[in-house]
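Here chain A shows up in two complexes: once beside chain B, once beside chain C.
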Partner chain A sequence: MTMSRVGLREVVQAKKYRLLILSLLGVAVIFLILITSLSLGPVNVEWQDILSVLLNVGSTTFDSEKDIIFNIRLPRAIEAISIGASLSIAGAVMQTLVRNPMADPFILGVSSGAALGAISVFTTDIPFGLLLLPICAFIGGIIAFSITLTLSRLAGATPIAVILSGIAVSTAFSSIVTLLLFLNPERSHMGILWLFGSLSLSSWQEVKMILPCSILGIALALLRARTLNVMLMGEEQAQQLGVNVDRLKYEMMILSAFLTGISVSFTGIIGFIGLVCPHISRMIVGGDHRLLLPASIISGSIILSLADLAARVVAMPLELPLGALTAVIGVPFFVYLLIKSRGKYEI
Partner chain B sequence: MRSSLRAEIAGVTVYFDSIKALDNVKLKINRNEFVGLIGPNGSGKTTLLRCIYKYVKPKLGAIYIEGRDLKDIGLKELSRLIASVPTEIPERFNLTVSDIVLMGRTPFISSWWEDRKSLIKAEEAMRILDVLHLSNRKFSELSSGEKQRVLIAKALAQEPKMLLVDEPTAHLDIKHQLSIMELLKRIARSNISVLAATHDLNLAARYCDKLVLLKKGRVISVGAPEEVLSPELIAEVYEIKVKVRRDDKDGRIFVIPLSPR
Partner chain C sequence: MNQKIVVLLTVLIVLSIAISSISLAITHLNLSSLNERLAGFQGKIGSMEQSVSQALNLTTSLSERLNSLQNTIELLKQPFPVSITDSMGRTVIIPEPPKRIVSMAPSITEILFALGLDDAVVGVTSYCNYPPEVPKLVEEGKIEVIGGFTSPNIEKIVSLSPDLIIAVKLQERFAIRLESLGLKVMVLKSESVSDVFNSILLIGRATGTYNRAIELVNDISRHNMEIWNATSKVPRKSVLVIVWLNPIYVAGGNTYINDLIELAGGTNVFNDKEGWITVSIEEVIKRNPDVIIVTGHAAPEKSASDIMSYLSEIPGWKDIEAIKNKRVYIYLEEAEDILVRPGPRIDKAVQLIAMTLYPRLFNTTLPNVIEGLSLVYPILTR
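This part shows the complex of A and B:
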């Protein structure tokens, strides 16, 4: 970077190009992974058959293959993409909100809160449609998030206080979830799927709920991208720059709980996507949310799709718990961040 | 021609819980003045700056900006009048120098990308602070002197009429201390009133037009450096023994610390 004559217009122009290339590349990679997910499984389907099913011109394929691709694998792949993106954006927003790169829906307890919300609908016999589930998950997530933020404020609001409060809240809510499942053994199979996180119950009916909600939440986050940048300067500076900090904080808290809630209510607790993906994105494209958020959407989609593919394929015909797989990637990453932050966190 | 702001702090009292952080502070900042805020740790320097940009709300008293009560000026409008240079900012988010300077344009833009005028203004500020060549560098990798210049550039990009600076020379070596103070003086002369909190009595004496000496939230003395920095007042406020001498050439005073009292 020795180009000392480069002005700011060129710098911003370069950013716009990077965003364009990132988006094109991201869409291409996601499409490739989508096709691969559709083709792999207990029944392998050729690529050209997949294209013909997708383009609806397939007279050559068997109906059973068509059914597997269209009614089982496609909704699952779409769910993986939209939930990966949602969790990643929720994580990115939370990290900015608490100015702590170790934050994530799982670590801050929001996922567990959402799980409790969903499970309490699930284990009681109140008549519920698919609708009640995400709403209760959302409410549970908001409550957990509020408790975490309040606790961390009481504990002095240091970065490490935020993480510890989150872990406390997460553990508390998870144990209530476990208790509820224990007391309702007839539903514990579904419950276990939930605790480990799984996309195996994906359906078009779920996609119809998840996809619009994800798009809405992500779009709202993107709209606030530039303002989120200002939050990185600290609340005092943000306010000094004319940002209504309290309003933005509430907005972003609700938004990230919403994205977490919608994810958890259908697929259970999938941890660490919200930690790892924004972080990798930040290393590649930098901290500006106008690049960071799109990059997080892409990396979240890719990593969760790949993780789900691995969960399905690695130990076929057995399906591995997805949440455990993401934790296998996520925990070492968390530890790495913890060690790297040495000295910067005053405990 | 835009002119700088004058401000009046009229009997401001601030409580943190039951502790008086500021006690009936009265102070005037005139146009184009470079005012230095001095006093020991915990004397209320930062709190006073925070009152002026509305981060802290006074319990009693009022602040007037160009005769208008600060209570009647919204945050958005205020951010177009007054800029502040923070002592430090969070660094773990991979922001570049240009990211940070462009944030100074926040009060003026509502679009997703910065508009052309913002880019020109931010670039101007970066030229003045000589940080344009650092545009694509990561903020966290800069030296302390460069960081300070970038943060001042951010504040100047805000096109303020008054600049509030908290400890501009902390963590800097002596050459950078002098050049930052030199720069702040130049900024004050270019139609932006400057109020800077500092620990360095000699730099304050050398560069500021006016000094405000605070102790435990109270204004002990206001005036030209030679009025405020008397051995008696310094002894009273800082609890140390000093000699105060005058430079033969430029007539500026300087303080020689001798011993704690």
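This part shows the complex of A and C:
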């Protein structure tokens, strides 16, 4: 009895210790990538110059180097970190919720809805200001998600009902996108590029909207980490342990849709992160959400930041599609972990 | 005696009545003819009035034109700053003649160089290959590449500290982003020949080369007129321009290429459809074009001869006039560039199409695969 209590305390201590190590390591790596992103690009800046530029932002004289670091690269790097973290968290939550390793944040139809919203803007003649595109994309995402939610509710709200409703809505919205692109070929090119996902138009205005939303969503998910752990035992078990399963499910679905919607509205569809980063994190820290969620934040932001760095730098001055690079960067790592875990891994 | 007088008087009265009635009748007759004459007069006056009002209209329109011309002259006299309304209806104020211009499209680069702004251009896209100086200047490092057409690199553009960036309508999102970084951006439309003329004039005004721009537009129009004079005398050929092979994707009405075909004296078989369209094999058979033009990029994986045999092997196509008479032409390299690029080489594109449609008018025979413009230049410089 005493032994086991001591054992438990040791386990908790060990977990806290691991969380601390993980966070410190993660923040250090992210910071390193951030500095690298700020220094690399068509204009190379020395590492020490970055600090002086960042500290002198107050002065008003136009200086293109300062502009590049402070107004182009920095908001872009911050956007990459917060969107990577958001998508990764959304994916981790969805995988637990529907208890399916194939689940990703796009399973709720949000991205297809956002795509329809965005493509509608591209294929009509509305002159778009800075915000029309993300706003329409977000509205599209909300509409698609509401349909998915209603459908899954009507179908009994079981995990399989959620997945299938999501698939139905995604497919329907994607086919409308295809039709729109087909009917407006001369305008479709920019739309298709949007579908690939890109951070190239990141700005402080976007960061001001994305960052608070991401932080809010992620914080809410972290607060529910313990409850999500209970969900891993199965819905019935969770119910018996006093978890309001239905409420949690809707809460988490809305949260996940919100995080996904915010991300895709501004950057287009960035695949892979939400699907694979949670798995990578699970392979490293295990399935306990108190570790898994922070680890997902870190892995998501690292992989998206690295992918965006590669997108910017590899084929300079051309920019490569981000959606493709996230996979190129993440898959080898994922495969390595998959082989190493030798089938012991499960959700 | 009295009786005689009475009789005489009566006779006189009767006579006078008769005479007056006769004269009345006569005057009445005269009157009606007079009326007719009057009506005729009025008609003449009316037509005169019309011609006077026409003349007046002409003078007003002339004076309007004179006014606008004067305005233009005033604008020309006006030193910088210039205020420009671009194709998106935005006002761009340019404080002084730009010295560091970034062009975000091959067509814009061509316009800038045609206006003699060679020294002011500091950035172009990776697709900008004309005039030949451009790739040379890029190689020498005097002009930087700012990325692709649909994926320009914002950082690269900012690093060049341009004082004017010229983008096209497709690139609106990038334009807005660049503007938010405090840069001057002009967005131009290029969906028709008149759009291109407008673009040339706008760029002319923005860069202080308005006279050269007017000259350029005049030259292009004059060359187009020459071609039109030649081709308008013969029956029109119908033509199909294919820009993608599978699915068949063609220029419909209201496209830049449709304008070129019209100027060349041909008829686009799909001019009743709006914009760029995907059409069925059957529809092409039904429209039965006399000539088919295919761009090289329509099937990047196929060689010109492959495209040729591919077209004739499409079921039912061997009976299409163009295929039957071996009037399928494939535009490659420079020939393709001038066809699809809405730049200042409109006249050359028009001439190339005219020659393709009516080779006999130009006393030439054209190969079915057209790579360069060696055939085109001699006639225009004539």
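Keep in mind that, in the parts below, the second predicted complex is superposed on the first by the 242 of 347 C-alpha atoms of A that agree within 3 Å, B and C clash if a C-alpha of one lies under 4 Å from a C-alpha of the other, contacts with A are read in each partner's own complex, and residues count from 1 in each chain.
The rule we apply is simple: contacts are C-beta pairs under 8 Å (C-beta built on N, C-alpha and C of every residue); 3 or more make two chains touch, one makes a residue touch a chain.
Everything numeric here is computed off the predicted structure, so don't read it as measured data.
Is A:286 touching the first partner chain B, the second partner chain C, both, or neither of them?
first
Scan A:182 for contacts with chain B and chain C and give back first, second, both or neither.
second
Examine A:208 and indicate which partner it touches, taking first as chain B and second as chain C; both and neither are also allowed.
So A:208 meets neither chain B nor chain C here.
Just checking: does A:133 make contact with chain B only, chain C only, both, or neither of them? Give me first, second, both or neither.
The answer is second: A:133 touches chain C but not chain B.
For A:153, using the defined touch cut-off, is the partner it touches chain B, chain C, both, or neither? Pick first, second, both or neither.
In the superposition, A:153 contacts neither chain B nor chain C.
With touch defined as at the start, can you tell me which chain C residues reach chain A in the complex?
88-89, 126, 144-148, 150-151, 153-156, 158-161, 170, 172-174, 176-177, 180-182, 249, 255, 275-278
Of all residues in chain A, which touch chain C in the complex?
Contact set of chain A toward chain C: 41-43, 62, 64-65, 67-68, 71-73, 127-130, 133, 182, 184-187, 189-190, 193, 198, 200-201, 203, 205, 312, 316-319.
Chain A touches which residues of chain B in the complex?
Its residues touching chain A are 50, 53-55, 75-76, 78-80, 82-84, 86, 89-90, 92-96, 98-104, 106-107, 109, 112-114, 116, 119-120, 122-123, 126, 132-133, 135-137, 158.
Taking the complex as given, what residues does chain A use to touch chain B?
Chain A reaches chain B through residues 1, 4, 6-9, 11-12, 16, 96, 99, 101, 225-227, 229-230, 232-234, 236-237, 239-244, 282-283, 286-288, 290, 341, 344.
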